[in-house]
Structure formats: structure tokens, C-alpha cells
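Each of the next two complexes has chain A plus one more chain, namely chain B in the first and chain C in the second.
Let's look at the complex of A and B:
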């Protein structure tokens, strides 16, 4: 593919009807253009009939704009906001099971403590930690834990919310 | 639709190639059967060529089994594990912007403190909190914050990891 002039990371919120098939149509718009979705979260909101999708994609500005326009036209779409255009907070969660035997046990707990991770499961040879923070922090903690041996890991991808007005 | 004898909530982990179109095919399997996906998270793993999907669905046992079989047959699927069949830990994250004016400001912080939420954004009239925990905890905190006025909220849906063996 021809190299594009303006490629940017977009974090997009999409409010949709909580009915079968909507997620498939939303993701289909991206794959139809050959766009990869880096991460995506979807869950219900306070109103159970409405789900909110947070998705991250990196691509050509022009095509991203087109996809956003098409998202707005989908029959079950309620609202689309490109949070990258606004002040917003992004947080991710990861669950990671790390080897923690003998000497390394204290060190793994120290890392957990420094990065304010929560221990959500314990076995004689492992700890399972919950890490939250921005993408860089998650990467940093996983980088440190890697030295001890990561047995299993799962990440939420970015969850994002608009910043409140400061005045 | 005819009422089914055995309807259950399933939390499923799917490891897939990190390429465009995979997510759309996975979600398409569910919508094709009229199954709603209650929540879904997808993000890369330590191996950037592999993404891991955590999805929650409630439905007829027989059809769920069929969907899992079809998931395994998808060309870009690496592994499928129905975590509901195994011991596992489930955690969710929510970001919520709540009104916090004058008197209610201290009370909102108290709730945040009791439920170990993190304050991730502050404005003169609002706090934005990060809540993590199981589904019930998230619901409980949101229920309490609702009284103060929720301005905005977004949830990750369930993230799940298998429990380590205890022996």
C-alpha cells in the first residue's frame, strides 16, 4: 500500500444499541477498509439498552474520517466521539500471572507494591496481579515481570473518557 | 424464541492472529446465531502478532458449544478456552465522571476511598474515578455514585484469567 502522509492513532467512543450484530457491523467497517483495530472494549452502560465501545485504531486520517462518518450512519449507532480530538483520560487494565518462587516472591511483591498493582490470586509458585494505568505503565510493569517468567496475561486495551471542563 | 432448558453465562478467551478482519469474523459467529455479546475486550499480548479476546455471552449450552467449535475452526484462531469451565478470576474496570460540588465533594471521595477507586481526573465540579473489581462491585459503586449525578461512564467489560494451580 502507498505510504500515507498523515497516519495517526485514534481513540473512538461509540454508543450503540445493545443488540446482537451491532459489534460485528462496527468492526466490519474497519476490516472492510483493511484497518486493524488495535484494541476494543465493549460493555453495557447505566442504561442496559445501550452499550459503549472504546476502540483504538491507527491509520490514514482521510480514511479514518470516512470510517467515522460511516459509523454514524449505522442503524444501531447512537453517538460517535473521536476522543483523540478532545482532552481525555486513557486507562488500561492487565491481569498477569507471574512465576514467584522462593527468592523471587518478595521481589515480585515489591514490583506490585511500587506500581500499585493488586494481587488477585496467589498460588505456591505464582502471583496473579491486576495492573491499571496508561499503556506505557502497563508495558513497563510487564517488562519488569517478564524477567521472573510470565505464565499468562490478558489486557483490556484502552478505556477512555473525556476530561471534564476545568473552568 | 423457545425457552431453552440450559442457559448459562460463558466467559471465553480467544487467542487470534493480530490482523484486520479477525475480530469481525469472531463477533460475526455470535451475531449469526442471534447471540448477543454482553462484553468483549481485545488487545495485543506480549507477542504483538497475537491478540487475546475475552468475551462474555449468555445463551443456550448446545449453541454455545457449537459456536466454540466454529471459533476453533476460524483460520486466524490460535486457541479457544471456555474459562467458565475452569477456575478463573474476573475483573472489570470502569471510568466514571461524577458530580462533586460543595458538600458532596467529600462524600464522593469517601466512596472512592472505601472502594479503593483511583481519582484519575479532577475539575472544580467533578471527579473522574477508576473503579476495578468484579461485576457486582462495579455495580455497587456506580449505584452509590448515581445519587451524586453521573456525568459520563465507560466500562471495560470482564477481563478474565485462569487461576493458577494451588498444589
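Let's look at the complex of A and C:
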């Protein structure tokens, strides 16, 4: 194996038939062949007969090439694009309920403001924030909020889209 | 025209439309409607197996011998789970079959109903594709898609799960045009990129020590004639995988024998020393490559395969070509014809002489014995008695490797063996399927005393239909291949491989209504074979062979192919 063995993160878009069992074909492929999935997002596209999966995986060139080829080999797969090879925008979302009492209430709001989070629920001693951004930003916000006490949190996998041609 | 048809009728209509004439199966509650409808279909002949695994292996053997899609039909639950080994074997070997399983009514699915199992879930990783039909409107299209997927691209097994209520309900079916069956997300690349073909040929023309390494893709794409033409034109020596045997005549001067773990010294040395390795329809399996880092270390590799995921999976390929093997060889041959004539015999003389020298140094062989039957001798005698023309199936283990080494296959589709999965119990039911496809030809299952017991119940089926399958049991009272590993790699600790406790195979055959013959001395072998060949009934030949004979050469697991043990 002469090519490089550098392991990196890949964000892959997969268009599949929107039929029952397709998701388990995709995830079964990953578990059966020992590939790694970091996150996975699936939803219908504008065409209700097609779903689009965004999945994040790590691997060297060989593994990634195999992952893409094996995904393409599934009968229900329409198209596979490794967005990491292209200009793309990536977003994740987190919903997080943070303890916010007397003295920390303003501080939590300030953090939310700086990172352009939205407050989606309020109670006398908590705020629930919606954070969107790339992986690093979400990590950063959660890191700051941790000091105030995170009561509950949920995160999505990554969504990614290719940048449009500019010329 | 607009008459209502039941699901069961539609299913069999679809089979007839696909040209199916033979079904291997076993009835049950969840397919009883299909079996009822079968009584009104004189054109569909059903073979009642005695275990569902055998139905799938038989469909597999049928498909390989006939180049048609094989069909198996079983009930839900245990009927369905019993097919899994057969399906997995067909998947590993890329054999086109369609397996129909009954399923509990849609309203009961997920309810842990009687004989319910999620067979679509179970077989997802070992089918090319599978379907659960939940709407009778989708039934006909689904079945035709299943056949289409099974036989196109890299072939493989497809399973269709049929809930009982779908079989029982009726609709007015829409007309079907088989040519219009297309799947937007499934379009295998068949035509190879001509630029890549040109690059490959340029590399081959530069080569001093080229080797053709061919696999089951040659058989699946019916490319044997094109391969022959190409190898002869450029005088390139040929080796093949187990799955590729018969893709090139085993009696040709350019033929080096099989490569890999039990390949010939000559083939393994040629690959290890080659400067250009042309892999066609093969997939660099671990049993072929041995230690990967030491496989063909000096070679630039050209890899032609219809499945892009096979390319650069195990080894780095210099020129990848995705497409049908036959198309690739056809394009190569057309380019070769346009070249200025060169005297390839002359140019290749040194390389071919080296190859022949390796062959002379360590040919395939064994020590003949006057008192004890050598298993290799049995296969040589089978070859002689059948003039090398029989259809051969094998079980798995030593019997399989000796068959591969000593029966010099002349034509494609002559050998059926569970190559990838290595499923013991494959050979006998597969032979049954082959005999159905080739009723007038000699079909021999080369078996071991371990494997044959794994589907021996099919004696009933072959006797019932008088399928004159011949079974040659190389009986060493051992689970031979595992014993061989224990001898060579585990200090002769024969853990659970002694099969001395075994039935009298002659009496077993007779008890089932077949013919049983036995040879215990070398001079009885020919007589037994002759007698079997003259018997137009199923025959078991019990050859009591040398107990501790090993398959040689052998590349120990994890070793490089040139580090093989020779005797």
C-alpha cells in the first residue's frame, strides 16, 4: 500500500430510494464491514421518493474509497458524494437546557448572544438554547455552558451541502 | 383480458415469463397457495428437496451449469432460515439465483407469529438485494426486478419475501414488458473505458513477464473464448482462482494451474516474479494472495472487474478497469489484431521457459501406493473415465482442493464449488441442480466423508427423480483439511476431526434406494468408477483412501505464496 495512510474525517452525502429498510442497509454495511460512523442524518428530499443521508466517518483513503464504493453498490443508492473533497458548508444543531439562576442568568444569555444561539424555552431557573454551527462551534459553546450546569442536551449529526459555483 | 389473478398466480406467471422451468423447494403453511397453484402449471417442474439448504445449493448448481437464474421456493420461518447458508454461498460466489420465501400475513408481521422470521433482515448482508412485498400491486414488478438484479452486473442471489395474504388476494394485473424493467439507482457499468483498455494493453506489450490471473468473472461473463484468444495471441501464461477453473483449458501449454494456498508451485512462482499481473474477474481473496505485502511484489497490476468495489480493495491497482470481463477482452483482442505482427512465441520464449522450469521442478503430484488408495489417484481415474468432460461439483476441504488440482477442467461451467463461503454440504445438492440442467451429462460430486453427511438426505430427492448423480466419497475417516492443519500447524493434536464413527455409505445409499459401491484397494478404483458410469441411477462410490494424505503444495496461513510447503 503505497498511497498515504492519513486518517481524516469525511462528510458523505448519499441519495437513496425512500423505501423501508434502506437505512438499515446503509448502517448494516458499516457494521458488517467494520466501517465507523460518527454521525448520521436522514430526511426526505424535495422528491418524496428520495431520501438524503449525510454521514460522517473517519478513515484513510483506502477505507473511504471502499466505503463510497460499497455505498454505491447498494441497489437503493442513487448517488454518493464525498463532500470533504469539495467546497461545502456543514452544520450541526444542539438543543441544550442550561441551569440559569440569579447570578448566572445574564451570563448564559450573553454566551447565547455571542454565539448567535436562540432561546427556545425558558423556566425560572433554566434556559433551553438552540445552537447551530459546525462541529467545533458546538463543542465550544457546550464547553462554556458546562460550567453553568447542563441539565439535558441533544445533538444532531452533521448536515452538509456543496457550495454553489461562484463564477 | 382484464381478469383478476391471485398473488400466487401472478408469482408463477412471473416465473413463466422469466423462462423458469425448474424450481427447487419445500412447501409449508406460508407458501401453500403457491404450491396449490403449482398443480396447474405443467411447465414448471418442482423438485422436492428434503432440506431447504439443499434447495438453494441446487438452484446455485443449476444456475452455474445452465447460465440461467436458479429458483428456490420455501416457506416462512425455519424454511427461510434454512436457506441462509445457500444464499451466503451464492453471494460470495456471485451466482444468480432468486429465493422465494413465504411470510406470515402482513397484519401479523412483527407480532412473533407462528413461523415468522425477519428473513429480509437476516439475509440483508448476504444477498445482492432483497424485498418484502407488502402490496400486491408491486408483486409482479418486484419479481421481475429480482431476476434482473440477480443476473446483471456482478450476479448474485436475490430474496423475495411473500406474505401469505399477498399470495391470496387478487388484482387485475397490469401488462408487463420485461425489456422495460429498469432500476434508476442500479446501472452496472458493463462497457469498459476504451482509454483504460488502451493503457492496459500498452503496459502488457511492454511486459517481459506477464501473467493472466483470472477468476469467476470469466465464467460469469462467458468470456472463456475471448480469454483463450488473448492469451494465445500474446503468449501469456494463465493461472486462475478456484472459481475461475475451466475458464481456460486445463490441458493447454499456457495453463499453469490454480494459484494460491493450494495452487501449483509454478503458478505461485510466476505471480511472485511477474512484472505485469493482469487480473480479470478475480478479487485478490486472502486464499489467493497469502501475505498481502509479499504478493506479486514486482508487478504492475491491471484489474478488470464489473464490481468497482472489488478494485483496489486488497491491493493497490495501477490500471483499474470497471466493466464486463468479456467486453474488456473483446476490446483487447480487437486492439491486438490491429498491431503490427510480432513473433510472440519468440519474444516470450525466455519467460515461458522459466515457467515451464518451475513446473518441471515441482509439478503437482503424489506418491502412488500399491496397497492404499491415494485420493488424487481417484480423481485422475475419474478424469480418465469421463475424458475430462464431466460436470464436477465438490464439497469443501481436501476433496475440493484435490478436485481443483487433479481434474483438469476443459470448459467453463464445468466445476461448481462453494469457493468463497466454503460451505460443506454444497456439492451433493448442487450436483442435483446440475443434473436437472444437464440431464444427459455425467455429473459427479467429489465429496469427503465429513461433507457428504451434511446434506445426505438429498439421496431421497435424486432417487425420487432418478437423477443419476454420481458421488465419489474420498473417505479418509477424518475431517481431512482441518486434520491437515492440525498435523502441520498444531503438533498433530487431532481435536474432533476423527470421523471413524461413520455410517456404511454403501448401505446408506442402498437404504435410500440408490446404488452403493466401494473400493478399498487401488486396483479396485477403475472398476468401481466404470460400474458407476454404466449405472443410470444415482450412485455412491465409497473410496477408502489414505487416512493422512495432505493437500500439497500449501501456503501456510499468513505466509507469502512463494513460501509454500511442497510435500
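The working rule: the second predicted complex is superposed on the first by the 163 of 167 C-alpha atoms of A that agree within 3 Å, B and C clash if a C-alpha of one lies under 4 Å from a C-alpha of the other, contacts with A are read in each partner's own complex, and residues count from 1 in each chain.
The definition used in the following text is that a residue touches a chain if its C-beta (ideal position, glycine included) is under 8 Å from a C-beta of that chain, and two chains touch if they have at least 3 such contacts.
Quantities reported herein were computed from a predicted structural model and do not represent experimental measurements.
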Taking the superposition on A as described, I'd like to know which of chain B and chain C A:150 touches: first, second, both or neither. first
Partner chain(s) touched by A:24 [first = chain B, second = chain C, both, neither]: both
Touching partner for A:62 - first (chain B), second (chain C), both, neither: second
With the two structures laid over each other on chain A, which partner does A:105 touch: chain B (first), chain C (second), both, or neither? neither
Greater chain A contact set [chain C / chain B]: B
Once chain A of both complexes is superposed, is A:137 in touch with chain B (first), chain C (second), both, or neither? neither
Looking at A:72 after the superposition, I want to know if it touches chain B, chain C, both of them or none. Which is it: first, second, both, neither? second
In the superposed arrangement, what residues of chain A touch both chain B and chain C? 20-21, 24, 28
So in the complex, the part of chain C that touches chain A is made up of which residues? 120-121, 124-125, 128-129, 132, 149, 183-186, 307-309, 311-313, 316
Residues of chain B touching chain A in their complex? 13, 18-21, 23-24, 27-28, 30-31, 34-46, 52, 54, 89, 91-97, 118, 120-126, 128, 130, 132, 142, 146, 150-157, 159-167
Interface residues, chain A side, partner chain C - complex: 1-3, 16-17, 20-21, 24-25, 28-29, 32, 62, 65-66, 69-70, 72-73, 75-78
